[in-house]
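Got a structure here, written out as structure tokens. Questions coming.
Labels for the chains are A, B, C and D, by order of writing; each one numbers its residues from 1.
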């Protein structure tokens, strides 16, 4: 699907506002909504996984080894839900 | 297989992506994402969404946060729209117009406004006709999309923009509609009420059952709204937990008419625990308003008792 | 939402059907309203050798058929009826009464006792069969021969499963063709 | 030319008429309980329509027969007088396996259109039928269907929109959605209702169009009137209509897609502009499809039908069954040497403004008949479209608006004759006085 933006002429927009590139919202960064930032302290993390499912913005990458990686700051809105559920203080809001 | 949330999350890519514009800390996205993770990775899905917070923040042209096919038409007709898609699938499959080996599942999402209220007729019709679909209500207890107006899912006494807690009328004076029981009385193969607590086990397992039980199934999922309820965003999971531990939001399922409470708190917490952190109930804690808390507690107890009774009756041999 | 008087179309369609089967252009339509059981029904037919384009009720009929003679006193059944045409009434009333009740109408009047014919031939009161024959006879929209041939055909088609009733229906038609009589 | 008017009244019979099973059980009358339609129905139920057949069907039976031959993937409909018979007949085709359709007996018209939208978006051919308040209840979804560019086909049996409640014919339902982005075809009789439906999908599904389409006919006047009709063989219809092959559809797991976004300031205008272009393109496609249809049937269709218009001095512009009554009246007037003519609109949306204007350019006076009152103190909707078309094309003929036939008020040949007399007066005096007139209302 060709790049569509506010300059695209009507002749080049998809009809009816259809989108043929499922999940393309990944290209829309929401990181700049953040006022406070979660810091991942890997040394304290026990990989219990409690934070994996709670992120509203899917900003906690989990690899095939079922281990989390550092935050995806392009997407994290800084809600702090993850920090709150962490039993080991491995996430600090700064 | 036994539920292992780490395994599920690691092996089943998210079908509800980042880049949506729901509020920071919104309770709905984790719910929707986990519901969709209950889909077999090889299965395709068509998602229908009623107009509401979720729809207007996940599909803003030209971006969609859904990796499956998705359709939104209007506020009150997610049930009928999804039914139409499912009817098309049935018809085209039977005529050999679709690949034999491919399975598509049909899931509709609606908020309490689009489900309890304006969309109730469409939902009831779709369920009664037995379309092979799951309707998931993410219940945040008010019309949050338009700015926190009361719905029939709004709990009693809650302060909303159309039931403001005033000097004469202390918030919403009517009690919550019990939609889960209403849907159970449609005599569907599977109806459940759940919430995203602990590691989402209850939510995942009920989603899986709902999606893979043939016929019309209904899920009612609590979806706390930090803005509408007035609690700090980071408290999301705590609020979920308190709703369940106080039995304000019991977790149960109704399988072919048999009720099963899937979580019974060892010690039922007093309702204050749930109400206290939320600004919408603040006025209930003013001196002289104790009666409101008592009344609220009475109602919660009565509904919990009714549920225990239903479980007992329907499981008698 | 409601479904009104759907069955009411039936009556006028008898004649239209017979005429259609003999190659005519036809229109058959009832005057609809929220009729319920027992309410009077008016239905219309147009029959022509040419395509029919007009789509309105009929205000100057060539023929009027009255199935229930109790209507004669409550409805002006001859309103607009052409004097070159005729009225056909299912009745046992005598000529005096009929001429009197239709005062002011100077066209032809035909009568037939559809009840008697129906009871004798079908064992039940179904006036449609004899009335149809009466209309055909009086209006001459088709020859009696064409008419009878078409009817036996459609009976055979529709009563394939109970041929025993075909004779009764054919007898009803034949009797009616004979018994319809002009009284004015 | 015309003969016959039986008045029937018989309590036994009427009681029978209301209960089919009971009737058929009763030997003698069983034959006759639905004589005209019964043969046709038997054929249809058996799926036996072959050969270009001389048949006699009501307008509703004709529409249901077209739907049966089109064999859509999904039909979702809700009963409402006078269109109820269409889903009724159709569901018997479903029950008897003569179609492959999934029939969704929805709980409201709003859901009927919602389900059609879902089905069409999924990649299916979806059809429905409704009238009056049913269309009113659909209104929200009517706009959504066209803006999502879904070629749904509807059979609209025109009936007055409440209130007060009235079950009879006028065009207020269709006029209420004239700006909704649906193609609107009008039908004089059962034949045209049938033919328009057979052509509908070829028009609506065309890549340059992709708009929903409604085929209108007059409630009761044609929907419940049994008339002669020429049906097309099943095979020919199947071949003519062809298979629906959408480029993008929800059920294509190889290309998951999203339909129905929040479409904000930066985009909605452009998407509406696309709809406008599609409606323009529809004009070309409608004529192309009509050509192919003529090849198959010999029946000719355009944007409108001209009846004795060529040498006419005065003319009526109208739609649906009134056009037939007008033709009948014209023939009578012509015998008297009055040069009356008719322009019958078939394609109301898109509106063929330029073509209509040109066709009317040589007249001395025109009356535009609207079977719906726009209640705007400025004439009916069709009138406005016709006169603006003439004005823009620099054609100036004295033109008056008549609102008529509201709520099933019967429109007699005499009424039409009165309109022509009025027009002659205008021609004579050159004086219109009130251009916004009513026909058949009690003064």
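Quick note on the criterion: a residue touches a chain if its C-beta (ideal position, glycine included) is under 8 Å from a C-beta of that chain, and two chains touch if they have at least 3 such contacts.
Small disclaimer: the values here were computed from a predicted structure and weren't measured.
Peer 1: Which two chains are joined by the greatest number of C-beta pairs in contact?
Peer 2: After counting contacts between each pair of chains, the winner is C-D.
Peer 1: What is the distance in Å between the mean C-alpha positions of subunit B and subunit C?
Peer 2: So the centre of subunit B lies 64 Å away from the centre of subunit C.
Peer 1: If you average the CA atoms of subunit A and of subunit C, how many Å lie between those two points?
Peer 2: Result: the chain centres lie 79 Å from each other.
Peer 1: Would you kindly tell me how far, in whole Å, the mean C-alpha position of subunit D lies from that of subunit B?
Peer 2: Each chain reduced to its C-alpha mean, subunit B and subunit D end up 43 Å apart.
Peer 1: Centre to centre, by mean C-alpha position, how many angstrom separate subunit A and subunit D?
Peer 2: The answer is 52 Å.
Peer 1: Where in subunit D do residues touch two or more other chains at once?
Peer 2: 148, 256-261, 263, 267
Peer 1: Which residues does subunit A have that touch at least 2 chains other than itself?
Peer 2: In subunit A, 17, 19, 22 touch at least two other chains.
Peer 1: Going by the touch rule stated at the top, which chains touch which?
Peer 2: Pairs flagged as touching, ordered by label: A-B, A-D, B-D, C-D.
Peer 1: Taking the touch rule as given, give the residues of subunit D at its contact with subunit B in the complex, in rising order.
Peer 2: Those residues of subunit D that touch subunit B are 73-74, 76, 100-102, 104-108, 110-112, 114-124, 126, 140-141, 144, 148, 250-253, 256-264, 267.
Peer 1: Which bits of subunit B are touching subunit D when the two form their complex?
Peer 2: 44, 46, 48, 55-56, 59-62, 64, 66-74, 76-77, 79-92, 94-95, 97-99, 102, 104, 121-122, 124-126, 128-129
Peer 1: Give the list of subunit A residues in touch with subunit D in this complex.
Peer 2: Per the stated touch rule, the residues are 6, 8-11, 13, 15-20, 22.
Peer 1: Show me the residue ranges of subunit D that touch subunit C in the complex, using the header's touch definition.
Peer 2: Its residues touching subunit C are 1-18, 20, 26-39, 56, 58, 78-82, 84-85, 133-134, 167-168, 188-189, 218, 220-222, 224-228, 321-322, 324-325, 327-328, 410-413.
Peer 1: Sort out for me which residues of subunit B touch subunit A in the complex.
Peer 2: 5-7, 9-11, 14-22, 24-30, 33-34, 58-59, 61-70, 196, 199-200, 226, 232-238
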